[in-house]
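Given below, in the form of structure tokens, are the structures.
In the two assemblies presented below, chain A is common to both, partnered first by chain B and then by chain C.
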Partner chain A sequence: MLANANRLTPYLFLLPAVAVMVVALLYPIGYMIWASFLDWNPSQRIGEADFVGLRNYFNLLGDAAFHESLWVTVKFAVLVVGIEMVLGVGLALLLDRELRGMTLLRTVFILPMMIAPIVVGLIWRYMYHPTVGTFNRILDSLGLPTAPWLSDGDWAFASVVIADIWQWTPFIFILSLAALQSLPKSAMEAARIDGATGWQLIWHIKIPLMMPVLIVTCLLRLIDAFKVLEVVLVLTNGGPGLSTEILALRISRTASEFRELGYAAAMSNVLLILLLILTLAMFLYTKITEARAARVRAAIEEG
Partner chain B sequence: MPRQNPAFYALLAALIVMALGPIVLMLGNSLKMNVDITSPTSSLLFMPTLRNYETALCDFLWYEPEHIRRCDKTFGRALVNSLTISIISTGITLILGCMAAYALVRFRFMGRGVTSLGTLMVRMVPPAVLLVPVFGIWTFQFGIDGTIGGIILIYVAMNLPFVIWILQSFIVQVPIQLEEAARMDGAGPFRTFFLVVLPLIKPGLAAAAIFTFRVAWNEFLLANALADRATRTVPVTIVNSLTEYDIDWGLIMATGTLLAIPPILFTLVASRQIITGMTAGAVKG
Partner chain C sequence: MTGRDGGEAGLPRITFDKVEKSYGSTLVLPPLDLTLEDGEFTVLVGPSGCGKSTTLRILAGLETLSGGEIYFDDRPIGKLEPKERDIAMVFQDYALYPHMNIARNMSFALRLARAPKSRIDSEVNRVAEMLNIAHLLDRKPAELSGGQRQRVAMGRALVRDAGTFLFDEPLSNLDAKLRAKMRTELAEMRDTIDKNMVYVTHDQVEAMTLGDRIVVMNAGMIQQQGTAEELFANPVNRFVAGFIGSPSMNFLAGEITADRVQGQGFDLPLPPGLAERAGARAVEVGIRPSSIVLEGGAPIQLRVIVSEYLGAQSVLVTRCGNVDVLAEIASVDRIPSGQTRDFGVRTEEIMLFDRATGARI
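So, the complex of A and B:
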């Protein structure tokens, strides 16, 4: 800490950023919580909207389409994160060795995450296209029947999942690889001298030591998976039926197509609470691991 | 370097092809005429053409391509809007963000804990949640819907929490003795910050700038709700041209490629900084 700085200095440094966040983030969130108690359509000022108490929330309880999209969102998030964790960590364990071309792989692997989700959706929509698309052309040229990639409910859901796996598995791969390479060499050496096999090394040493990073990575990905919107919007726009209508998409449609802003705000609140729980879980988890590490350090110093 | 099983190299090559394939496919199709894209006999051999790019960028060309009857300026305008919005919002976010991060790292003051926790919490707010209130406030209270400034404001706000938090981890590493020495020589806190601290956290600033630019450049939902005809950004025009029945694949792949070029360039130039930023994110929670 710097001594003899003016008491006001930190506030001067903070003020501009805090002002922007209060005006353009906190205020809108408060506004949304208020709006969720209103019957409000986009042509009204918020003051003209009727206060309806908890009616929007009661309606959500009985709204089959909302239940469906909540279920689709949870199913999507759990499925993609599960598959991506297995693939990403697996690949990291497999490729954690000195290979030429690893730098190239890591660079290339960032690309799907960096380009716009809109563009990712665009590319995959082309590849899934029933007649000119890459996949059906390949199936066709092999003499196999073509697949209804985006036109059948279950297929469309699987197609969206595949596109997300392509885009985000690299994220988990890169983070697990970084975690693996920062593991203490001594533990590995000791295990090897004791005659541990490759599998034992992975299950009893590497995975447990990587666990803190893996859990945080998993939670980060879950938060992101709940936020996904653009790829699905471009690929299927929620269809066919409601098979791929994730919550974020439902909110945006309720607001812009059905013009029920109060109802959309109530849905946004549900999504926000889900994300808040995940964020708090991540926050608590890092605090606990930090405390535990501090205790271990203290014990070592005493002993 | 020890010799490795060739199977690992095969796996490595397969992964590179899988990651790059779809992107190369887009690039390839953007260089094709629509006849070539839709013809049943595909497709590795074709005459590359820049026609799709000429159509998209027609108002920037110094010559008049023969195949364009009437120049549609929608995309060119959107490209200018996207560049303006992304660059200005990145600049503002970085300046405000690094000042706030500095305050949180180097000073103890009332409200530090609350600010720090609050920043962490608002990081997870998705654009879909902001859609309704931001549309309402920007339209009815601030009267800045449809303006470039309105879009910049929400992008700065959305990016600040992440930038503040990632820059904290870089500022912590600056040796405090340097700042104390500057203070001894009579520099005030602002001069110390701008002349001593900022130059030392350039890698962090680069990573933060790339992430901020990427969010502003790629964002669709809020831009779609806030922009009017004159202030539309590139993602909005791409989605608009997709909803029509007869999709002009060649043209849309060209616009998609143009939208993807800046992030791809950043990745090729600064992949190391991007990876550092990403890893700092997960490891530090």
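So, the complex of A and C:
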């Protein structure tokens, strides 16, 4: 009896967390999945909406605006994460040394990450302002032609990308720096004695050893970039045209402006599936590395 | 490829000229002068924090000089990068590249130097055969045991074919049995490979068995250098006397009176001349455990506290006055603990040290 109770104790402690998960996560997701099969507008209660099966999903297949949004989102995510990885890792490699004032410098570098996304959007909107914005005033004072930062489709996309890079490069920077500083010092020294130059040290030793951290960081950032909303909402609200209308924005507009809750739910599910694939990729990666580590341990115990 | 002729002619004589190291305002290595003859196996030995590792790392170029200069023959190398010094190094934690397999670990330096593939392969295979690690070439370092990693670290250094080999406590992460085995192999390697070797250890047994020349360091200063025999028979001060030899030397506080030395619980005659040299001053009497015998010698009464039976020899922990005295004797009879009995001291082996300065008298 007592043994039985002991076995159940851990689950008892897990119960509150499970309850919260069910209410806060599983219920809304279930709700969303159900809603995606309905033709539902906000004036109806969910029970009154018509069941339409997979029609919302079929409509998505032929919806050019949705395709455009999806493409903008993928383009955005791949571009920002790619540039952020290069910049973040590069900065970490540069700043991984003991210099006076380095602690302060590192703190300054990670400031953008601490600012609320809405505020980031506002700051950049003012800086991008066509007449009083920082950038155009600088260009103007140098006698250069000013740029249509937010009013031209291509420029607007670039502006959003720049703002996101500004905000999220620090994330990659601090994780890379932590990874760098935990690398075995003596392996680096051995490489120097073996004749490696600074660049060779980075290519042959540092980057390969940081790789596990870099892969996870990259996936985390990708997941985040696919869900980006606030900065774009404040900066461009998706425009001009559909040039910066990322998926999250399209979903929110479908629900609030077009009043098609079922259709918005179907889009959300597509986004969810995309993110699930990324998350699964991350889990798969950790599983593979763990399995390799286990094989290594087994090999050592044998030998 | 390295541009050396091979053989003794190509090996540099290494000279430390007033080499100094400080971190900020903390001086960790006061000016140090040291000459390592070409082709010699030199061991830097001393307790932790004595500056031996720093000295080696300065020689490797991993630490910068704060003052002085190092010469390879007449060529100053103090400002050169590690790779320009024609050295190879074996690290205490082996410092293998975790993401490369053993073959690639060993060939890293040659690959960086863009050596032809055929030469890389033949070098790696030759060294791997020599060290018995040929069957491990495809494995990653994490898949090897400590002893195997140790060999790979040696192998990686050997593939380099550098003029000077540096060893930073290479055996201290191994268990006792493996350490003894690797020590023997290193001693063998020393005789077959004609290179400069500089070896840092805190273990005086390693120092004694491996070094052509042993440099004993303490608190950043060289205390004495010489062969194992010289250091054992003729230590210049109390530190060297206590550090070299196992079990270590016993020290008893004493006073000189005429031709005898007396202290709490002992009164021993001194060999001719020693008492005169000492004069009337406070001394420490140094007696090696091996100088204490059961029969003969000058009598001394010791109370046996513990008897450590080691096989042919036993180490007795005894007490003289309130000082512990170790005695190393042949295990003829088991000597019961708690017994006070007569021992003998071979007086010709007694050493005297100035109690204030520690210098040998």
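Keep this in mind: the second predicted complex is superposed on the first by the 288 of 303 C-alpha atoms of A that agree within 3 Å, B and C clash if a C-alpha of one lies under 4 Å from a C-alpha of the other, contacts with A are read in each partner's own complex, and residues count from 1 in each chain.
One rule holds in what follows: a residue touches a chain if its C-beta (ideal position, glycine included) is under 8 Å from a C-beta of that chain, and two chains touch if they have at least 3 such contacts.
Note that this is a predicted model, so its numbers are computed, not measured.
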Which partner chains sit in contact with A:Leu122 here, chain B, chain C, both or neither? Use first/second/both/neither. first
Between chain B and chain C, whom does A:Pro16 touch in the aligned arrangement: first, second, both, or neither? first
Looking at A:Gly195, would you say it contacts chain B, chain C, both, or neither? Reply first, second, both or neither. second
Please tell me which partner, chain B or chain C, touches more residues of chain A. B
Considering only the touch criterion stated at the top, classify A:Arg253 as touching first (chain B), second (chain C), both, or neither. neither
Residues on chain A lying within both footprints (that of chain B and that of chain C): none
Per the touch rule, the chain A residues reaching chain C in their complex are 184, 186-187, 189-196, 200, 204-205, 208-209, 211, 293, 296, 299-300, 303
In the complex, go through chain B and note every residue touching chain A. 1-2, 4, 8-9, 11-13, 15-16, 18-20, 22-23, 25-26, 29, 37-38, 42, 95-97, 99-100, 102-104, 106-109, 112, 115, 118-137, 140, 153-154, 156-158, 160-161, 164, 176, 179-180, 183, 189, 193, 214, 217-218, 220-221, 225, 235, 238-239, 242, 249, 252-253, 256, 259-260, 263-264, 266-268, 271, 274-275, 278-279, 281-285
In the complex, chain C touches chain A at residues 60-62, 81-83, 87-89, 91-99, 108-109, 112-113, 139-140, 142-145, 148, 156, 160
Residues of chain A defined as touching chain B within the complex: 1-2, 4-7, 9-11, 13-14, 16-18, 20-21, 23-29, 31-32, 35, 42, 45-46, 91, 94-95, 97-112, 114-119, 122-127, 131-132, 134, 137, 166, 170-171, 174-175, 178-179, 213, 216-217, 220, 223, 226-227, 229-230, 233-234, 247-249, 251-252, 255-256, 261, 264-265, 268, 271-272, 275-276, 278-279, 282-283, 285-286
